[in-house]
């Protein structure tokens, strides 16, 4: 019976003959699934050309090529990915790893061509029929990340602990933390162009990952002889353009630099950096000022074999780094670590030597083959509102210098600071500490012309200042400092609507109706610094070419119009440490060129 | 003299109509098969295009003279078979060269095709062709046995070897069909018909999965076109033969189309449902039940 | 040993004696033998490999398998790719069911790197593996029927497979190559409406499989061709390294999902499908029942799978993921048997060596060469398909 | 077995002199392919129409793309309705679908199969692998670009291209044929030495005749 | 697992044993004892299933590591036997008499790594490659990319730019 069944049952297949075929009527226009990984799309305005897609592509299908209409600028390489469909496998890893989320895949999948050379295109730049498709593969959410978008948190002192003393706040990364943070780097190198010194950032981060800190230090010293300092107080322009920061926290490049410097003991620097013996050239260079640019120039000149002598007005080296930046941000022993290494290369330093008073520039020129000046900006600017000439109105730079020198600093119970830059924050927080020590409480108020979102101070500085109980009230323009005899009563302000005009020129607009009064016993001005060129003799000044705003003009080698005089640092470009370092480095190379040619 | 010329012209007309019918039928049947697989299948006129395309190939290679003759042989078999069949009963135009004893002739022609393939495919030198041909010959021989027994039973039953007369004997009522007057012979012949049409489970000769695709492996271009043409004519001729022998023939084209279509569908009906036998299995199978039925058919007509 | 096997052996006693190597002494000079190449361009060969057959009439006297037509040097290529870059290429090792490669690769790597995969991702992986089994089985059943000349089954099952591929497309974004299970997790949650459509497809498959059973398995000719054919002796299982349905059809309940449970299989209710007779028919039937079991498993998974949750563990940056030095072997049960990845890491960003153990490796070379001897040439295709071999995983 | 059966063998002629016979020359033609002139005008147009509507694909799964052939043949996509059919032997096929990467070992067989196909013949190349190496661009065993070894009519991008894309590719091929541009076979014949040179450069084990149609 | 190892140590010198996970362990055996050890494992300990046999090229240490991965079908545990053999004239005793499938593995190793297994059937026959003239491709000193570029004509017209280099060229070419 089963046999008969075996003969008959196959015929049941015929019941399907009357059913409608399941064939897709029009397969050529069938849309793929929503998540389908089809052809590439790229939002070319979002894309920064970081090349992470290229580096993850196992097929070498992606090239970075220049594209018309996309300019190379800070944070944007001006390159865009070009995909070779003779290589691509549509795995979508390029989409997953895309730092800006600009790359995606549409769900279009038909591309037929006779010419095999046509299968290459720059998504976004060349118009394709699928450019406007909504559907397609995008980077999934739900904890799906190919690299961590979250910064490794940094150990810091609690506000209660830090507001009494000048102990360093930031603790620095441990090995695990540093390696984890370094691991987030995608090695695109976008940051290098933005860093004024063009440091080899991806390379030293890679050195951390490979746990080869000696190599890391070598990379650092290629372009930056003050890594301990920069690792703490650099304005880290690099982090603002970090490609990882487009969707997530940027890498804390600064802390990683600090980690490398911290982990290498000072006594081994010479061995690591292979600077135990240097080939002297017999030529001598004088350097005015021991700030970042001076030290940087001295370092690279020393490496090139020049005998350098630094003339410093103050009794300690470091310039603004020592006298402008409070100790809680940059401890002196770390400052000394960097400086001492540079001095150990044979750089001589003469303290308490004021140019123009103890020795003139012309004399330096006679004694030395070239002179580098990095005298910086040490004169505080004033708002020049009524009342600023009162003795209880101070300049932030002066106060900061006094704190470092150990001079007595006038601290009152109620202090108002005018200014929104990092120096304003520094003085606010320094004075807050002194208030705490003296009165046991903090009553600081800092106001600035700029509103909160455009305040030039670093974000974390503002946050930390608030944590330390200082009041930050930005967006007010000072009108008058009310004084009464030898006492200051307070500061009158009006609302500031905008700081810059449409041409990005400084032209503040005020709303006179909105007024405020900040009562204070003491006012500190911190709205910027100017340079002090008093050490130059008048006839010398006439030889020097200046720009209309009173800055010394230099060429690409930081050579002034007087060929033996080079200048750099804040007075030329700035104001920040890393520019100074970069200037010093370039000036050193300029001096080398100048002296080799001579 | 005039009559023989008109006869030839009429035969050519028949050939033309049957060829077209065969081509369309093969297309339609493939479409029906595709429907079981829940798809649309080829366009019904696709066989025409395939044919044209094969004739328009620009190059062809040769394996020797028999390689050419093989397909021609086969085509001759197909056309020959057709020409000795009365296609439309009673029509002077489509009666062809039917004569007394044409039944034996037809049986021979029916084998002719395989022999033609054997010659040509053997010359092509491809091992698959050789395998396919040996399978084909073995299976055809096995299948011929019940078929011949059935035909003999018919000859005994109708006391003639003339197809025309066999058809004539079946006219009048559906119950006069051989199918009902001699069901055993009809069954034996219809089972042989399955193998004749080269469909599952008896398609081991072509078997693309085993010996791609058997005898015609090496055939291409116009020669394949010839084979294809034959694949339209030969089955159509066989259908007409079976229609004439078992289903009362046809008195007009409409009847012919309906009857042959259903006869064709019988092989398709079975073919879709089963996989294929190995050649030894199919030979054994034909030596089993169909052979017994064939013998029984002869015995029945002889003694009852 | 079953009676059927004995019968088969009796049937074959007319043919030349086998020598100690299990082959027949072939004297080519006798001109009795014919040599033919089955493949690589041959519709009866699964994938792209070839058999060099020596025939005596229709009977195969000697067989030598030739592989390497699809050799791409995966194991070499992976040595010069970072771990994440290996992820898109591993699935290409076996086209019909790429997901087992992805899973084995990911799990071996996760084990070496010490990464815990989130719950939701584990479930999704289980789902994808079972879907992959399902579609592979469906494609195979059509192939088995087709190899014996019954095309209609293939028409149906490939259509059913297309339904599963649609679901794959929806879930993973890929049709054939899914590239879904990357090290650390998966690449997406279930899309909206997925469950309903999946359930609908499973019902369709259930229904169609009933027809398939009637048309293909309860079939006189099919039984005639397969019962007692190509018997794998249970004693061969270990010497030939036979795994999967081929072993289970011989009555050995080898199933990695039960033996070395992975993913969420311990939470699913199933029993390995076992057969008795170990011939082509039994192997086909075991696979058919395995297919139905897979349908049931997918239903179970759909009932338990979470809609939300993390899909990927926190891993180091994949661009420079260094996997700690060590070596491991991870395996999974695919439709053909035990799939495994042997991974050796030397602590760098690049794998030191990855070796892929595909089940076809053992089935398609040594075993096939042994089994094909004495078969009829017409059975070669059916026999080969019944072992469910796939050439790319032999040569990789 | 080794290679004895393709090496030259010595036979004794009826006169008793030993002659060396090259078995490869025994079985195959020894003339390079010739470029064929197309028919003129309307006849060629008609022929091209027939060629385009009757694409017989050689069933040779050379790479992973073979997996998408099954869906094409089956109900979902049903390429038969567009006149696309599969043939098991190269002699009868007119379209060669190179389904993805070609290893050197396969290329040898592909070249042979291609040469056995009759003029006019068309080649459809699937996926990245045939365009520029695809995933296996740095593999020691797969070729990078197919057009160095045989003329290609249509490329379809994808890895793998979906059946729909394949149908679009066939559609394009039909257009090309109808426009009379599907002259790959003639191109092959005209640049025969170049193609052969390229093939021989990478197929180290060239144990087949130069001409085998 | 532990008991098996302890058992094993009674009969053989097991150099080191490393438990990778609960059901997988690796041990190192010397070339001379390896085949005896594997036979013992198969016949007395019940490791009846040879999962795989493969090699790792430790080119720095100038040796090949052969891994015989054995599976115990009843206890469901795996044991990897690692054998270090010299890279110079690499040769190992064959195990084709223990497992039929081993001859395939050995053929592959012979071809891809150049490790010889004297006595293994067909071991010198080409397996995967055809007409290969270079050093065995799975050896570490074979550079597949270089070989591919020189052999297979990569399509011309590709060029790429490093973002950092390109930005330097564009933004600060002189520094």
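Labels for the chains are A, B, C, D and E, by order of writing; each one numbers its residues from 1.
The rule is short, and it goes like this: contacts are C-beta pairs under 8 Å (C-beta built on N, C-alpha and C of every residue); 3 or more make two chains touch, one makes a residue touch a chain.
In UniProt terms, the chains line up like this: A = Oxidoreductase; B = NADH dehydrogenase; C = NADH dehydrogenase subunit D; E = NADH:ubiquinone oxidoreductase 30kDa subunit domain-containing protein.
These numbers were taken from a predicted model, which means no experiment stands behind them.
Trainee: Among the other chains, which touch chain A (Oxidoreductase) and chain C (NADH dehydrogenase subunit D) together?
Mentor: B, D, E
Trainee: Have a look and report which chain pair racks up the highest count of C-beta pairs in contact.
Mentor: A-C
Trainee: Taking each chain's centre as the average of its Cα atoms, which is closest to the average over all protein Cα atoms shown?
Mentor: Central by C-alpha mean position: chain C.
Trainee: Would you identify the chain whose Cα-based centre sits farthest away from the centre of chain B (NADH dehydrogenase)?
Mentor: Here the answer is chain A, farthest from chain B (NADH dehydrogenase).
Trainee: Farthest chain from chain C (NADH dehydrogenase subunit D), going by the mean of C-alpha atoms per chain?
Mentor: Most remote chain from chain C (NADH dehydrogenase subunit D), centroid-wise, comes out as A.
Trainee: From the mean C-alpha coordinate of chain C (NADH dehydrogenase subunit D) to that of chain E, what's the distance rounded to whole Å?
Mentor: That pair's centroid distance is 23 Å.
Trainee: If you average the CA atoms of chain A (Oxidoreductase) and of chain D, how many Å lie between those two points?
Mentor: Comparing mean C-alpha positions, chain D is 60 Å from chain A (Oxidoreductase).
Trainee: Between chain B (NADH dehydrogenase) and chain C (NADH dehydrogenase subunit D), what is the separation of their C-alpha centroids in Å?
Mentor: 43
Trainee: Would you kindly tell me how far, in whole Å, the mean C-alpha position of chain D lies from that of chain C (NADH dehydrogenase subunit D)?
Mentor: 30
Trainee: Which chain E residues sit where two or more other chains touch them?
Mentor: Within chain E, the residues that touch at least two other chains are 128-130, 137, 142, 144-145, 155.
Trainee: Going by the touch rule set out above, which residues of chain D reach two or more other chains?
Mentor: Within chain D, residues 59, 74-76, 78, 81, 88, 105, 131-133, 135, 137-142, 145, 159, 162 contact more than one other chain.
Trainee: Of all residues in chain B (NADH dehydrogenase), which are in touch with two or more distinct other chains?
Mentor: In chain B (NADH dehydrogenase), 34, 36-40, 208, 212, 272-274 touch at least two other chains.
Trainee: I'd like to see which chains touch which, written out pair by pair.
Mentor: A-B, A-C, A-D, A-E, B-C, B-D, C-D, C-E, D-E
Trainee: Residue numbers of chain A (Oxidoreductase) touching chain B (NADH dehydrogenase) in their complex, please.
Mentor: Those in contact with chain B (NADH dehydrogenase) are residues 10-11, 13-14, 16-19, 21-23.
Trainee: Applying the document's contact rule, which stretches of chain B (NADH dehydrogenase) touch chain A (Oxidoreductase) when the two form their complex?
Mentor: Against chain A (Oxidoreductase), the touching part of chain B (NADH dehydrogenase) is residues 32, 34-40, 269, 272-274.
Trainee: If you look only at chain B (NADH dehydrogenase), which of its residues touch chain C (NADH dehydrogenase subunit D) in the complex?
Mentor: Against chain C (NADH dehydrogenase subunit D), the touching part of chain B (NADH dehydrogenase) is residues 36-39, 127-128, 130-131, 134-135, 200-201, 203-204, 207-212, 272-281.
Trainee: In the complex of these two chains, what residues of chain E are touching chain C (NADH dehydrogenase subunit D)?
Mentor: 20-21, 23-24, 26, 48-52, 54, 56-57, 65, 67, 69, 73, 76, 78, 80, 98-101, 103-104, 121, 126-130, 137-138, 140, 142, 144-145
Trainee: Applying the document's contact rule, which stretches of chain C (NADH dehydrogenase subunit D) touch chain B (NADH dehydrogenase) when the two form their complex?
Mentor: Per the touch definition, chain C (NADH dehydrogenase subunit D) meets chain B (NADH dehydrogenase) at residues 34-36, 42-44, 55, 57-58, 145-152, 155-156, 159, 215, 219-222, 224-225, 376-381.
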